[in-house]
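Worksheet: the structure to be examined is printed underneath.
Per-chain residue numbering starts at 1, and chain names A, B, C and D are given in the order in which the chains are listed.
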Amino acid sequence: MAEIISLREAIGSLLRDGDTVAMEGFTHLIPFAAGQEAIRQGRKDLTLIRMTPDVIYDQLIGAGCAKKLIFSWGGNPGVGSLHRLRDAVEKDWPKPLEIQEHGHGDLSNAYVAGAANLPFAVLRAYAGSELPQHNKNIRFVECPFTGERLAAVPAIRPDVTVIHAQKADRKGNVLLWGILGVQKEAVLAAKRAIVTVEEIVDNLNAPPNACVLPSWTLAAVCHVPGGARPSYAHGYYDRDNRFYQAWDDISRDREVFLNWIKKHILDTEDFSAFQRVLNESTKEQLV
Amino acid sequence: MSAANYTTTEMMTVAASRLLKNGAVCFVGIGLPSTAANLARLTHAPDIVLIYESGPIGAKPEVLPLSIGDGDLAERADTVVSTPEIFRYWLQGGRVDVGFLGAAQIDKFANINTTVIGDYQKPSTRLPGAGGAPEIASCAKEVVLVLKQSPRAFVKKLDFLTSVGYLDGGDARKRLGLPGNGPSAVVTDLCLMRPNEATKELTVAQLHPGITREQVQKATGWEIKFAANVPETAAPAENELRVLRDLLHRTAVAHGQTPAA
Amino acid sequence: MAEIISLREAIGSLLRDGDTVAMEGFTHLIPFAAGQEAIRQGRKDLTLIRMTPDVIYDQLIGAGCAKKLIFSWGGNPGVGSLHRLRDAVEKDWPKPLEIQEHGHGDLSNAYVAGAANLPFAVLRAYAGSELPQHNKNIRFVECPFTGERLAAVPAIRPDVTVIHAQKADRKGNVLLWGILGVQKEAVLAAKRAIVTVEEIVDNLNAPPNACVLPSWTLAAVCHVPGGARPSYAHGYYDRDNRFYQAWDDISRDREVFLNWIKKHILDTEDFSAFQRVLNESTKEQLV
Amino acid sequence: MSAANYTTTEMMTVAASRLLKNGAVCFVGIGLPSTAANLARLTHAPDIVLIYESGPIGAKPEVLPLSIGDGDLAERADTVVSTPEIFRYWLQGGRVDVGFLGAAQIDKFANINTTVIGDYQKPSTRLPGAGGAPEIASCAKEVVLVLKQSPRAFVKKLDFLTSVGYLDGGDARKRLGLPGNGPSAVVTDLCLMRPNEATKELTVAQLHPGITREQVQKATGWEIKFAANVPETAAPAENELRVLRDLLHRTAVAHGQTPAA
């Protein structure tokens, strides 16, 4: 059964230095508050898994929390590069970042295999591609019936998966809707799962066959309204496209980035304090 | 047809949109592919089915998405499924007629690179990576590539082969046993190329209005071939331009950007 | 795009003698009307696939439509045996029935592989079981990463899948909810799919992330209210448990069975005529 | 404790229900397993999680389902997923604490047959088949078997090994590398058996009230072993019987049957 606790407690007790962690959300419901809490608590040597690293991992990588990144597309969606990711890969700053890269179909299959307790997944891809030469976790198998050659990838089994969702009930059952990405699979593939939610309600009132994660599949549920900002939560708030744009400038320069992280994350107590400080910064910029 | 009428990017987008037949199931990436596919939907192909890798099937966005998972995509889709399902049941399942891809580099057999410029271990430029491209390149029945033409992009040898086109040409792709048929067209700001039926080498099939063979050669890192007959691409029709510009305008407004004048 | 046509036309034009056909529905939404239409039109030599053959396949088998059955559990749920299935297997009546049997997890994985255009599926099962000795379609593979030995089964790719659903819109997009079974996978795995529906509406009003089958994945949509009776359609009508019970008597005896099939199916024009005749029979029984 | 108080089937159901801990995730088949699991939910284990193979997770049926996919199961479940998902993410995913199975035949190492009586090719009785049993037997952390005891059911040699218990005993199951631990108990109308820790042979651990060792031996097709200490099963408590009978009564009414007097 999920405990309903603060995000500080959840990250404090469930996410450890050296863990393999998946923070998922395909543009929608990205668990930014949880990622920032990991920075605030100074997590180190994390192996980060995520299909689309996005700004959330740019922050973690730039802040020095990661030793390895497993991913399939690393950009700032609609804007351009993730400068902290590139700086780490191209110039080892703030430290070297080992990368292991896949395709989207591959990684999403690998989460499915993890959720299904299979050691590997099979897919039609990579014939002709150079990716398998640089990733020993892409191999090939033969179909025992037709003899066809198919790509195989190992299952993903994170120590911790973190997602953001719209609602939980008081028992810790979680409901999400809209663009679901690989969140359900990432949760079911993990040893421990943390879910931040927009609100906690008496009754989920889930439609038939909705995406519900029962409380007993989760370790912690944390009430963090706005916890997906600057990404969005369907039915709650829109994507803050201006922030994604602004991140291009903030992240381009190491000093500017470090100052931003210090002022907004390290020097704030929690996500609501972060949001206050961020709102002030934004107002100043507009003046 | 005056050059002031439309930009080369508009020509490229319009030319790409024309390749999509009404009713086609189209796997759409963000950026130019998404713009071209939605232009097709709003002009000659109202029943086109747009699938985005984040999960929407039959998306009908009011404005162009900035990200591959914008809420507007989900809001007006026929259904929204999980990302694993998109890749497993819909793309790999063989239900995608046209996969639309961009690239940082392309070679003469339409293989593409979206991974690194320079050495893989110590890249001079780290690009975003594969995304869904290896699976789209493998499984879509047909692939259309859209990118601006320049010698940096149209290269003799890729720095990295992320997603396969026709490999070394001829029947090399066929021998890989991939379910999809490979790239059917490359649309640039200068021309439209098609693979030669036998050699699979990209061959200029149409020149956009006002573009010369010399311009195309200059923008290509290998000795580019031209088809026996190279007609001029029809310039964007008034209707195409109006719909495209309206779409881009309301997109800019919706995303809080100052629309271009 | 699905054509919206009569069930007679759909079965007439899309289901051929010798086809491999899956009629799915896990207790819920079983496409009885379509199965009976196949009997009415005298289909022969069908290879029937279904996780739980149920009364629908007992009717098809007893009526002589099938040459082979691929299944995982063949009983009359809550009642007992399927007498026509047993008579075919045990006594070759009305003709020999080849059987190929699996487990539920196995068959549901095989449908998933079919929908995903993979030639096989991998699962953790059958070590120690005698089923693989009698089914050459259960084999074993090794994980290329861990060396573990896992069961493998070939994908199911039916010529025709038939399901029943609650609603379609006028374009032929289909919505179903409640217990979904393997219907979506069975449809996506098939070359041609026929869906009978309770009603055709202007707007599906599907909840977010509902189970929707787009029109372009289907060959035909047929408006057949009550088409899942005696099974049930969530939100429309309940399961007719009395009929399942009555089937035990009807099917136990060859003559009684043949008379029932003649009177209710062969001698009726369509499903609504069938329902009228069945209601009369039921009333007579109660008198 | 008079024998007239309750039936042997009631004793079996109550004994099985007691094996389910509150909060346990239980994969439930129709019939006795479903009855016992719901009895547990309505007595000592209100937070038990019931999963039915048709898709409901956290089902809380008002009345017992007649079929594995009754609407009532979906209506009041925490969620309803597809059948492939049940088998892939939930059972094989390692989330099921207790799998509940019945059988036509069982041997002394708790292997079971639900396939045929007689020869596989020409059976004297064709049984319903495997259902979810091979996967439950492989993947549930623990398996509980419930069936009436008779020499026809408790046999020296199975006519067919559908789903594995401990194979030939000892560490034979462990060597198969299955994720689940195998059967932890067999509950019958006469007694409760547990596998011996070392040999894995089924051993009578409890005798139901009024049942003798001779009765158990007579109903078993092999020489049955008894634990060093064989306590008597506690008779059904008043509360257990009342809840069970209420449940069966409202089930019969709901399904349109004449309730038993």
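Keep in mind that, in the parts below, contacts are C-beta pairs under 8 Å (C-beta built on N, C-alpha and C of every residue); 3 or more make two chains touch, one makes a residue touch a chain.
All values derive from a computational prediction rather than experimental measurement.
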{"item": "Touching subunit A and also subunit D, the following chains", "value": "C"}
{"item": "Chain pair with the higher count of C-beta pairs in contact (B-C, C-D)", "value": "C-D"}
{"item": "Distance from subunit B to subunit A - Cα centre to Cα centre, in angstrom", "value": "28"}
{"item": "Where subunit B and subunit C are represented by their mean Cα positions, the distance between them in whole Å", "value": "41"}
{"item": "Centre distance in Å when subunit B and subunit D are each reduced to the mean of their C-alpha atoms", "value": "57"}
{"item": "Residue numbers of subunit B (touch at least two other chains)", "value": "74, 80-81, 88, 92, 139, 179"}
{"item": "Per-residue multi-chain contacts in subunit C, two or more chains", "value": "112, 117-118, 123-124, 148, 178, 180, 185, 208-211, 234"}
{"item": "Contact graph of the chains (line, ring, star, complete, other)", "value": "other"}
{"item": "Full enumeration of touching chain pairs", "value": "A-B, A-C, A-D, B-C, C-D"}
{"item": "List of subunit C residues in touch with subunit D within their complex", "value": "26-28, 51-52, 71-75, 77-78, 81-82, 85-86, 89-90, 101-106, 108-109, 111-112, 123-131, 134, 148-149, 178-182, 184-185, 232, 234, 238-239, 241-242, 244"}
{"item": "Subunit A partner contacts - residues on subunit C that touch it in the complex", "value": "117-120, 122-124, 137, 139-141, 143-146, 148, 150, 152, 154, 177-178, 180, 207-211, 234"}
{"item": "Contact set on subunit D toward subunit C in their complex", "value": "30, 53-56, 65-71, 73-74, 80-84, 86-88, 91-92, 111, 115, 120, 122-126, 128-135, 138-139, 160-164, 167, 172-173, 176-179, 255-257"}
{"item": "List of subunit C residues in touch with subunit B within their complex", "value": "1, 112, 115-118, 173, 185, 188, 206, 208-212, 214, 216-217"}
{"item": "Subunit C partner contacts - residues on subunit B that touch it in the complex", "value": "23, 25, 49, 57-58, 74, 78-81, 88-89, 92-95, 139, 179"}
